[in-house]
């Protein structure tokens, strides 16, 4: 199975960063997991697809409503915001790009479950996360950390 | 996106049927979704992989513990049996092969959400499901029904 | 803590039975747990309150929308139909009154978790459930079974 | 229905504050909602019961394992950490006392859902929360905010 990296976040102003993160992850062979909707989620997946990568979208609703067009494999959870737990739990590592309160919940869950979390600056400042200055650095950190997650 | 068909159920005595269902789905180009664990779930995915298909496993726990080896893409939900909702919601159609009470909950959820459900005989008798006598018939019914789900 | 009995089901034609079930449970000192919405859920709670009992409503949404007026204590889960798992898991025993597919999912989950399930006739026929002919019999069976659940 | 205030957090060093918060909430007629387990959760409920209040515990597991002895009404969710969503969604307001990553997830969810969040110092610093210096102040802020939540 390929390494899976969850990309979380929101905010239209972070889409360019998210797209680069997605592209770089795909170039390194990692599958990109997101919440399947718009903005940062869509941008990360668009980036992954532009590099021939694979994407998994984990939706909150009971249908595919809102699913972005770069999702290869869709999981419809029906559990609303609780699907945030599934998004981060499904990654060998997590990269946060921008984001508001839902992203904060995801960071909290990821750290609760022991998933390594990389925050691309600027972003939520939470003790226990790794800070990255660029998309390339975020991907580097995430893949290095993911290697340990998979081994353990 | 490929058609996704969820295969649910349990019971070692149903593995041969499940494997055929998985293989036939893959031959028809459908992605096989299951709960990612053993018996019927593993058999359906093994069948899909034997035909070069794609598989998605949606696990109940917070880790990949118990994941069968034929899963291409893994979703770790962390929500226990509530992941049964995600398993059926993620399918354009659902095929039940054997199964006990967890399968009954899945059939209930699938019908609640309007997902077409095919029960391969012998299996739970629930009004609103379609009955199939053979794996080939189950796959035929599921793909015919999935076409309508995707269109709507 | 008082014994808790979950009353599940739906269908306006079953409200009178549900109200009796709720009243009898309250008279016997049991707290009535339901999904917090209308029809059978509301009727069971109305019955419980008419006898001075206590009620807990476990809602699917992210707000109190749809909450019936006989709920003393409300749990807003935000997880949609997956709250059905919480409804049955919270009972020392479960009584089904009428009901469609959501009720079937609840029966499946209750039996998966080892909760005793009493089905008041007419209702879903599922192996492993106890059948009751009257509300009084349903309550009798549920409280007898709940005693064992609490002990173990 | 009484006002419900969710008390979240962890850390043995915060138990005294939590107990005061629980007691003051009960004295003001509010029901105390928690995750039903130990430390801050148990202390808040113990405080509430010492003042004759009412408590609701929302557990993560499939049984009552770990339930503290001051819970009046128990909800067994079976959904693991995703029950954090239910804990905060069930409050008209939320008070955080200490806490680690699970608490951070709860703060994120509470703010996502528009529930007012009061953080008793010292605690997570999150934009959008109200800061309180003492248990009395935390309760004051929470009940003032809860009034608006219930009205709306």
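Note that the chains take the letters A, B, C and D in the order they are written out, and that residue 1 is the start of every chain.
We adopt the following convention: a contact is a pair of C-beta atoms (placed from the backbone, for glycine too) under 8 Å apart; a residue touches a chain by one contact, two chains touch by 3 or more.
Please read these numbers as outputs of a predicted model, since none were measured by experiment.
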Q: Could you name all chains that are in contact with chain B and with chain C at the same time?
A: A, D
Q. B-D versus A-D: which has more C-beta pairs touching?
A. A-D
**Q.** Copy-to-copy rotation for chain A and chain B - C-alpha atoms, rounded to a multiple of 5°
**A.** 180
Q.
As a quick test, compute the distance in whole Å between the mean CA positions of chain A and chain D.
A. 30
Q: Let me have the rounded angstrom distance from the C-alpha centre of chain B over to the C-alpha centre of chain D, please.
A: 39
Q) Residues of chain C touching 2+ other chains? A) 62, 78-82, 85, 109, 113
Q: Within their complex, state which residues of chain D touch chain A.
A: 79-82, 85, 100-109, 111-113, 126, 128
Q | Residues of chain C defined as touching chain D within the complex | A | 1, 4, 31, 33, 54, 56, 58, 62, 71-79, 82, 85-86, 89-90, 109, 113
Q. For the complex, which residues does chain D have touching chain B?
A. 62, 78-82
